[in-house]
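Heads up, the next two complexes both have chain A, just with different partners, chain B and then chain C.
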Partner chain A sequence: MQLKHKKTNDVLIVRPLEKRIDASTAAEFKKKMGEWIDAGNRQIVLNLSEVDFIDSSGLGAIISGFKKIGNDGNLVICTVKESVMSLFRLTRMNRVFDIYASETEALDALSVKA
Partner chain B sequence: MKPTANEISKSDLKASIDYHLRCSLCKESPTKEHRDLFLSTAFSLRDRMAKKILKTEQRYQKSQTKRVYYLSLEFLIGRLMGNNLHNLGMFDVCRELLIEAGIDIDEVREQERDPGLGNGGLGRLAACFLDSMATLDIAGFGYGIHYEYGLFKQEIDNGYQREKPDNWLADINPWEFKRTDEKCIIPIYGRIEHFQDRHGEYNPMWLDWNVIVGIPFDIPVVGYGGKTVNWLRLYGAGSSEDFDIQIFNEGDYFRAVEQKVATETITKMLYPLDTIKSGRELRLVQEYFLVACTLKDIIRRYLKSNENFDRFPDQVAIQMNDTHPSLAVAELMRLLVDEYALSWERAWEITQQTLAYTNHTVLAEALEKWPASLLERVIPRHLQIIYEINRRFLEKVAVLHPYDVDLLRRVSLIEEGETKLVRMAHLALVGSHSVNGVSALHTEILKQNNFSDFHAIWPERFVNVTNGITQRRWLLDANPRLAGLINDTIGDAWITDLSQLRRLEPHADQTGFMDEFRDIKRANKETLSEIISDTLWLSIDPDSLFDIHIKRIHEYKRQLLKIMHIVHEYLQIVRGEKTPTVAKTFIFAGKAAPGYWVAKQIIKLIHNVGQVINQDRRIRDALKVVFLPDYSVSLAEKIIPAADLSEQISTAGQEASGTGNMKFMLNGALTVGTLDGANVEMLEEVGADNIFIFGLKAEEIADMIKKKTYYPVDYYHRFPEIRRVLDAFRDNVFCPDEQGIFQWIYHRMMNNEDHYFHLPDFFPYIQAQDQIEAEYLDSVNWTKKAILNVARSGKFSSDRSISDYNRLIWNKKFPN
Partner chain C sequence: MIRLIIDSRLENVSLVGGAVRGIAETLSMDSTTSYQLELCVVEAVTNDIKHAYHLQAGHSVEVDVLLYPDRLTFRICDTGERMNPAKVRPFGFDPSKVETLPERGMGVYIMNSLMDEVHYETLGGQNILTLVKYLNKPEKSA
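Now for the complex of A and B:
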């Protein structure tokens, strides 16, 4: 799975380059997120601007990352297409995650939280 | 409004048919191939209907008309060619065009398959309602399932029913538009993960679901006059395109294909269950699938011209046809709360103001109850919502009726016990602003018995809307001879206002009119006799009394009582006790649910009794017994116009309404029946002199059950006429080569297991039949009564039913 990542101050920005996070990519995604969190990354922005489709295993991978961080940090999401947003609403994930319109907004919000 | 005579010219229609022959079917024109003519004519009609759908939609959007959505797991629409031709005003032009080509329009119409997307009355009612909504210019649309296989094809093998698959889509269905652009994605299965939201509140998350794709197929529904064309949207299940990509992942190939097949199986088959439910998971999935696709579609359409849900109940009315779509309560709540972030209270207000529920049965075994564990597995989020609905509902009831624990238990949406069950009728009731029964008697029974607790809590929610039938299919199209006579006598306003038939009353004793009426009945009987001869190689006398019992085979409909009467008559004749004065032909048709042993035995009994009687020379054709196989809407259209006597003899209190009874009345048959369902209102309309009512009333039966005063074995011992009928079943009179196969009837009576009260009604029924026989001999009087039945059938138009729904339910006002 193609995953771009960069660090800005203390925030890890993760941007999947795949159009889909589904059963074929979700396991790898989950593993990668887990490794970053284990490596000490506690402020994470997940930029979904390239993603058109997430199935339930992909959603599960995101939740797994959220649970792993727990109260020790923040995993927020930005730049979500409507097709993905509708799935967040269906699962009620939109009430759990902070979702921002852009990477800049997400970074601003995290700096305030910090 | 009448279609304009120049809706289309002959030359235009010919050009259109020729075009479709060449361009849609790639066939030579002209042709005499009936199948090709049917398809190309249907495509030509569909062209016109498509344009009218668009115009109708523009009109609705401009006027912001409130839309009515009729949800039903069944739509028995029947063949559409004739109906569409009449409603578009093109029937005569088409017939003449075909005549010029040397072709009989009826032979072309016979090419159309009956889409058997329903079991019986409930499905046919839904279809009649669509016709009436379009004719009355109501923005009314049907939502159902696009079953690949409809109700099974019934074949008879040595008297036994054999079910064969009904592949109605084996050939092209020319009426439907497949709308893949409007498909929807539906989640199913999965689990709930318990989380907290950003504010620390409990937030259940529905995860790990599978995906079903709902693909809509639209069938135009044209109202009489051709001005309004609504549609029936049927959803077929498919797997998602995204899934198809997974097929290329080699390791998952077989599992992926299995999942694809499982998904597409969802709408493969209509459950042939009628009143007996088996609680199968696939059926639950079908019900959820329909409701989820429908609500998604309705909301999508609503949000095109609305920014929020404030006007939703003003713009949308949803009618649930029985409890089958009652998951709409939970799904609408889920959508409003989970996906559109409304508060629970606001969502509940909208849900209740939008939904209404029609109950169709008082039979306990027919009230749907699903194991909570099954819902938890299939639709876990909906189960949570149902529990929450129940919690809030019971809280309110407890405030009104403190300390009445038993009441809470009775009204709860959840039935506790070894297996926890969800009561779908209670869900429908609690989530609706209105609940209606389908005849005056039925609604009273609901209020006083089945739903008495709910009636006590919400009396204002209960209304009656008596069922109805569309006169356009059941008289104009099915009985053109009679329709023609009526048109010649009083004009054709009855086609859109059935109360106009009252103007036939002065003609009921005019010799000329009576002679024509009688001739038409005779001609219809000749036509049916030919069909019977072609189908069964049996010769029938069209001058005999056609005594007809056509409906689903079920003990409460009492085909067994009819057979007992026939056996009684037979024994009287062969024993020299009676010289028949009237030749009688008893005609049966109907299907039994595949797992319903008794119903299948009754079919076998009818055949065996028929075989013995039809071949017994002592009878000398005084009695004939006929079973026409594979009962369908199309077969009903052929049988009903030929009827002299309509059998509506259900155990009183069991048939919610009936609609076959109305069709017979409309076509000039006299009815013999119990005071059950809509028979009660038929009696009120037609007058006691013009109908043969007999037997125990519903309250009498209820009383006998309560006091346990009915013992069938007593009747056996007291009445020799009953004894010899039951002995005939016991002693293999009708099964000499299959000994013992009908002894179950005798043993049931001896074991006091006659739950449908055949024996107490036996003598009253015989007396009614004797009276019928005497009256049939006076053909002038009989014809007059038949005419009065037609003249007084106006109340039973589905136009009236829909007007009632519109007035009492769909435009109900709510206090702010």
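Now for the complex of A and C:
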């Protein structure tokens, strides 16, 4: 699974370049996110602009990263396609994650939280 | 009827998903509805591979797509271990408590929420999950 990542100040921006985060890629995604968190990253923006399909396994992998950071930092999400957003709403994860319309808005929000 | 058959490997699930999305789009469904139909079928096929076949390749998962004037029906069939409904945990969590957030077990909830009918039966050694989506009837012209 291709995951583009870059560090801006103290924020790690992760952008999956695949269109799908599903059961065949969720384990790899979860492992990679776990490694970045273990390496000390505590402010993470997950940019889902390229992703047009997430299933419950993919969502579970994102939740896993969120739980791993816990109260020790922030994992926020940005640029979610409307169809994928329907999964966040259905599972009420839109009440768990802070979701922003753009990467800039997400970075601004984290700079306030930090 | 369209019949899709894949070998029980997770990397094959997207092939079925893409076909379902294509069918939904051909029926002029909007992008969210197309995604949600794909999602339900993907959840069902993934459950078959994970739970009926325990991630072992070499088994078949069949998906029959049946279009009726008033509904679209998917039948997802396997010959593996039967699903035990008693083992399906109800979906729920406290959004304010991180430790309660679920990382798995959301598939059945998703299917039950998005489809109009969900049935599960075993016939002649074949487990069949039927998902039904009612189609919107066109409005009558004045």
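By definition in this document, the second predicted complex is superposed on the first by the 114 of 114 C-alpha atoms of A that agree within 3 Å, B and C clash if a C-alpha of one lies under 4 Å from a C-alpha of the other, contacts with A are read in each partner's own complex, and residues count from 1 in each chain.
Just so it is clear, a residue touches a chain if its C-beta (ideal position, glycine included) is under 8 Å from a C-beta of that chain, and two chains touch if they have at least 3 such contacts.
All values derive from a computational prediction rather than experimental measurement.
With chain A as the common reference, chain B cannot sit beside chain C without a clash.
Judged by the number of chain A residues each one touches, C leads among chain B and chain C.
In the overlay built on the shared chain, the residue A:Asn9 is in contact with neither chain B nor chain C. By the touch criterion stated above, A:Leu59 is placed in contact with chain B and with chain C alike. By the document's definition of touching, of the two partners only chain B reaches A:Asp98; chain C does not.
In the overlay built on the shared chain, the residue A:Gly70 is in contact with chain C alone; chain B does not reach it. Contacts of A:Glu82 after superposition: chain C is touched, whereas chain B is not reached. In the superposed pair of complexes, A:Asp22 makes contact with chain B and with chain C alike. Shared contact residues of chain A, touching chain B in one structure and chain C in the other: 20, 22-24, 53, 55-57, 59-60, 63, 86, 90-92, 95-96.
Chain contact summary for the complex, chain A toward chain B: residues 20, 22-24, 53, 55-57, 59-60, 63, 86, 89-93, 95-96, 98. Here chain B touches chain A in the complex through residues 187, 190, 193, 195-198, 203-211, 242, 245-246, 249, 252, 338-341, going by the rule given at the top.
Remark: chain A residues 20, 22-24, 52-53, 55-57, 59-61, 63-64, 66-67, 70-71, 82-84, 86-87, 90-92, 95-96 touch chain C in the complex.
For chain C in complex with chain A, the touching residues are 10-11, 13-14, 17, 31-32, 34-36, 38-39, 42-43, 46, 49-50, 91, 93, 95, 98-99, 101-104, 106-107, 109-110, 113-114.
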